[in-house]
Amino acid sequence: MSEFFTEAVLIATIASGIRFAVPLLLAGLGEAYGQRSGVLNLGVDGVMLLGAFGGYYTVLKVGNVWIGLLAGLGVGLILGLISAFITVTLKADQGISGIGVFLFGLGMSDLLFQRLVGTPRFIDTFPRIEIPLLGDIPWIGEMLFRQNLVVYLAFLAIPVSMVVINRTTFGMKIRAVGENPEAADSLGVSVAKVRYATMLIGGTLAGVAGAALAIDLGIFQQNITNAQGFIAIALVYFGAWRPLGVMLGALLYGFVNSLVIQWKTLGIITDSWSDFAAMAPAIITILALVVVATRFRAPSALTKPFERGE
Amino acid sequence: MADTPMMEMRAITKRFPGVLANDNVDFDVRAGEVHTLLGENGAGKSTLMKILYGLYQADEGEVLLDGEPVVIDSPTTAISHNIGMIHQHFMLVETLTVAENVALGLPSSKGAFTDLDVVSDHIVELGGKYGLDLDPSAVVWQLAVGQKQRVEILKALYREAHLLILDEPTAVLTPQEVDQLFGTLRQLTADGRGLIFISHKLHEVLALSDRITVLRQGRVTGHATPDGATRSSLAEMMVGREVKLAPDKPDVTVAEPALVVSGLEVYGDRGLVAVDDFSLEVRAGEILGIAGVSGNGQRELAEAIAGLRAVTKGSIEIAGTDVTNNRPIEVRDVGLAYVPEGRMKDGCIASFTVSENVLLVDHRESRFLNRGLFDFGAIREHSQGLVDEYSVKTPTLETPVRSLSGGNIQKLILARELEGTPTVLLASQPTRGVDIGAAEYIHERLVTQREEGTAILVISEDLDEVFGLSDRIAVMYEGQVMGIVDPATATREQVGLMMAGVRPELSP
Amino acid sequence: GSDSESAPEGFRIGIVAPSASNDLAFTQSIVDAANALAGDPEILITDGTFVVEDAATAIRGYAADGVDLVIAHGSQYGGSVEQIAQDFPDTIFAWGTAADTFGLPNVYAYEAASDEGGYVMGVMAAALSETGNIGIVGPIEVGDAKLYVDGFKAGAESGGANVSVVYTGSFSDVALAKTSAEAFASQNVDVMSGTAQMVVGAVGVAVTEDILWFGTQSNQSELGDIVVASQVYKWEVVLEQILADINDGVKGGRVYEVNLENGGEVIEFNDDFDLPGDVKSLGEDAIDGIKDGSISTS
Amino acid sequence: MTQAGGSLRVSSKYLAYLVPLGAVGFALLVATIMLLALDASPIEGFRALFRGAFGSTDALIETSLKATPLLFVGVGITIAFRANVINIGGEGQMVAGGLLSTMAALWLPDMSAFIMLPTVLIMGFVGGAIWGFIPGYLKAYFGVNEILSTIMLNVVAVQLMNYLLRQPLIDPAEIERGTRIPQTERLQEGADLPLMFGSDRLHIGPLLAVLAAIAAYILLWRTPLGYRLRAVGQNPDASRYAGIPVKRTITLALTLSGALCGLAGAVLVFGSEGHRMVTDGSTAGFTGSAGFNGIVAALFGGLHPIFTIPASFLFGGLLVGGLSLQRAVQVPSALILALNGLVVIFVVSTDRYRQRLRDQDARRAALQTVESEPAGDRGGGDEP
């Protein structure tokens, strides 16, 4: 046990927990926009996978990680548009069409990888940026302020989203459309437009999350997200549809994972228990869902396609 | 009044699959007047108004504003033409504040950010001018019904509506709230605004309107003015024949109390007491009507009696058996039949067939089973019997009830509930939203049932119905009985005051 | 290496393998080996069949199509091979990595002594480590992965290093592999190794944190100059032995292995890494010791 | 209940069933484009696909075997969906069923098939039922969204499987050899699914699945319990009003749904070539994604157990044929997965259209007879 409490180990546990949380945070935040407007998008993982491939492949070809991140963004944007078309315009069942998008992303990203790349090759990863002054703070500096730019951007997206959702007219429309689309519609708010917008935001963030994941790892391979997209969706419920809650959930998830791994490497968790340790995040999520479900209410129109009586 | 109407609809026709909702309708409004649209349920009033507000597109016809033809293809367009609409059902986002509901969809003075402080100030200002008192920062779900109504009006005024459509704005208000609303509306017409008013309450129509247009089956069937019309003349124009406003009731000797409610306390959905120390007896062979403005605990009372809502204090007895907090099925077994207020919500399963809906309560019964499996022969026979007896108009027994008319669905529910002569019949808003014709029929059935010795508790917001049907009237206000009166001697005004919370002994 | 044996005229080989045939690892190693065979046999590949029953369908499909040799390249395919080989007694099956032919005359088994290469690299790792802390990232504690990890651990410990092992619990979770490597980095680990497809996540950390890396299953030198050496499988050694048998009229019932001794297992050094001579000779000594039996890898 | 009606309705109804086929056709069109992009001949590919799926007795057998878990899961999904419960947990429930039945076969003494076979099938049923009960209970009594809880339980199930197959259930021979492949020993023969029609491959699994579909049909449309399931799915308020225990029924729906998925897991184990349970560390390695694909089969079948039978066989054929397509034109298997996703997307995207066709039908029929009535209030508005 004592080994765990060395400075370096503690700092590393938290720092890597934070990095682990970033893709979850981005994808979860995007999903929160959609759900606040009444759309459940179960296809996040598929979008992340394709975004991951797009980002990876671009960096491989172009050599610039930021262009790679943009590529992930573009992929996410397109898939967000397609998902919006399926769920908003065609009004398909949100849960199942999302599974379809997931399967498509899973297969397609692998297919593209095998055809266009084949042998896994490392790409550049994001350079670490040490924030002047803040980065020099003992402990805190090392944990928080010696990360890469994407980490900072992801955490910046939280307050931005809080402002967008709670303080802008657009955010008000999102909340209204997710709660009572008929009422919003009667005031001239286009339910479809708002939902397209949130789906585009959601897709974009999922694409960025995937690209950030692949570029941060410096590699792509089949199913690289390993169902992180689904975890991100669960985090939206966990966070009771609030950006801050999503962030807390993502951090908790990241910390639990890096703690479990750290304990495994230190022999605190023996291998025969490792399967159970791997269950922990899922079980914690279910328990959190129980708590949230009894305290908070989902947006009333969630999963319900909107149709103007006619 | 100006010569050109501020709004004119010409030869409007609107078809829904199989329904001609508006058939060549002409309708206009002049500045400073209240023009009332009158018609039975389904006559096409809301449809016409939704066309005017851009929610539906007319198949034929045109709309003119100040003499100029316009195309109103969305609510946004309507709003930009200074048309406002108060919908039949509240169009409010319950989780947003009053100010947010008002500001929704409007450009903000602060660009992308909301300007709720500015909006709030203006709300208070408008409220002061028109007697619409509200806290702009209150979250809507916390508001009382009357307050929600005010939010709706404010939304329209905030958008500078010159032409205001009010689709049944009084349905959920107390008589006093109605008076207050009418005060506001008169102020609006005095400002030169035009109002379209829709209501089924004929005395309100006579009190408020300048002109009246009657719709029947989608067609304009008549025009009237308040000075030249009476309630029964209006009813006749609506239905197309003479209408019996109250059923004939033979005398029946009442027997033992069949339903005894004593000291009942029940909580509502929001965790507040909805039924408070409520006591009542209904005897076999009598109809007890409960009058009251909606939201005064009637729904909770009915649900508690039916076993659908937990009772925290007091007791409920049916035919001498204590059924307090029993499961719904147990209460039914003792002899309760229940016609719920939400016909589509609670009373039937819209996608199920007529036969399947007949089975809703009785599907476990052995007479419909054969070795554990449904006996479709028996089920069909039984359903056909009920459909014939209650003249439910349906193409087949396999038709989903979704495609039946409201009146026929209500008859089907009634048929199902009255089957086997229940000890107690609890009927909530039995004729709400059904044709006058169907309503007449339903009233007759209730009277017949009374003769057969069933104790009947009718909950209704329709005073005409309560007066016409009841042997005794109990008035419910804030979860309590304000008093019990005899319909033969009591006046509407007395009952109205009681509905507003004034105890009879205090009234002059 | 043995003399290359030529496949008979018109010989057809079907390969069924769990991952992609260009994975630079498990599946690619067998595909490359088959392609290296003399006599130009026709090679048919069904890859990505991580579902056992799908693999079974493919194995059966090749047998039914009259393919001469069906290679079931995955330990988890054993049950299926046992069944199908009985239904197609004229078809020859090779199952790896495994050591059991189920007593069937038409089934070969082949495996890798991955502990041997692991041990050799462990010895060098211990010598290279300055902190004396070595970390190994594994997927699930089974089969070939466990063999390799155990061998590496034994070798490193023989050199006096302090070794910790983490099994992430997944063959595919790259992010977890990365987190594992980060955990090692925080514990003053300066040499790492690992196996299975998700291990690339750990290599990435090794590159950024400047931790030395030993690879396995394929030559990972191109991943960076932190890669010291890789253990590489040359399955053609096994396949040639099987072809030789076939040419001799034997159709199965034998178990073959790639190991340091028969040249089926090779330690490939990274030219970009400046390996001190003494460390390299420690490794070579270990190889010799294993070959002559004086060193035990467990 | 059965529908009777005029010719207009019938044609519209057939059209409604053609819609998903159109969706498949569209997916195949996309497949053609993808094959061309991969430099593979679509003609040769599709020929291989068709041959591999339906072209010979062997192909038909493979297709039937592949369709079996799809059908079990599809029927289970249908029951849940009919009760308005979305079960995405088929994967985990299959694993749970597979595990419990495997334990039974492993730990019970060797017995004759007459006892052992029903026992393991029941255990599979129970294992899946437990895995369905948990999210069902959480949904009914705590309001936990079942889509998420079932997804999470998939994760838990796979770890449980990995643990059990690595530790307590592992084949002792694997430990002895040191290879430690996470698999059980060959399970007792009494639990083997018997073979049919003298085939050495075709076990009774497909038959059991078809029987399960028929049983589910009878349950849903001929029994009070099924009536309650559907009633709760269509209108929980009205159900509660009518005295149906809504929460219990919701729990039961997911439990039954899980149970059928559990049966699929058991059939996978005892009908497998190896007659043992194996893991590669992922759920899909055991289930072949039948827990997801079964949803597609159910949707294909219009959420009707009987129509789910042909839908499962069609879809099973697509999967088996996909493998032979891969063998024939040597394209990566990921292509099949991507196509799979497209089929799901196209089918659900056209679902709304299909419903509209059906509704139109019913409405038209209703109107033909009620023409005499006033236009009044169709759609039954119940508000003031």
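Worth a mention:
Chains: A, B, C and D, in written order; residue numbering restarts at 1 for each.
The working rule: contacts are C-beta pairs under 8 Å (C-beta built on N, C-alpha and C of every residue); 3 or more make two chains touch, one makes a residue touch a chain.
Keep in mind that what you see is a predicted model, and the values were worked out from it rather than measured.
On a Cα centroid basis, the chain most remote from chain A in this structure is B. In terms of their C-alpha centroids, the spacing between chain B and chain C amounts to 76 Å.
Chain centres here are Cα averages; for chain C and chain D they lie 37 Å apart. For this pair, chain A with chain D, the centres built from the Cα atoms lie 29 Å apart.
Chain geometry summary: the mean Cα position of chain B and that of chain D are 45 Å apart.
Those residues of chain C in touch with two or more other chains are numbered 20, 48, 141, 169-170, 172. Residue positions of chain A touching 2 or more other chains, listed in rising order: 110, 114, 222, 275, 278. Chain-to-chain contact here is organised irregularly, matching neither a line nor a ring nor a star, and falling short of all pairs touching.
Taken pair by pair, the chains that touch are A-B, A-C, A-D, B-D, C-D.
For chain B in complex with chain A, the touching residues are 50, 53, 55-57, 74-76, 79, 85, 87, 90-96, 100-101, 103-108, 112-114, 155. Residue ranges of chain C in contact with chain D, taken from their complex: 18, 20, 44-54, 56-58, 60-62, 64-65, 75-76, 78-80, 82-84, 87, 97-100, 111, 139-143, 146-147, 169-172.
Residues 40, 42, 46, 86, 90-93, 95-97, 99-108, 110-111, 114-115, 222, 227, 230, 233-234, 237, 272, 275-276, 278-279, 281-283, 285-286, 289-290, 293-294, 298, 305 of chain A are the ones that touch chain D when the two sit in their complex.
Partner chain C is touched in their complex by these residues of chain A: 3, 8-9, 11-13, 15-16, 19-20, 23, 110, 114, 118-122, 125, 213, 216-219, 221-224, 226, 228, 257-258, 261-262, 264-267, 271, 274-275, 277-278. Remark: chain D residues 52, 58, 62, 65-66, 159, 162, 166, 173, 177-183, 186, 200, 268, 272-276, 278-282, 284-289, 320, 323-324, 326-327, 330, 332-334 touch chain C in the complex.
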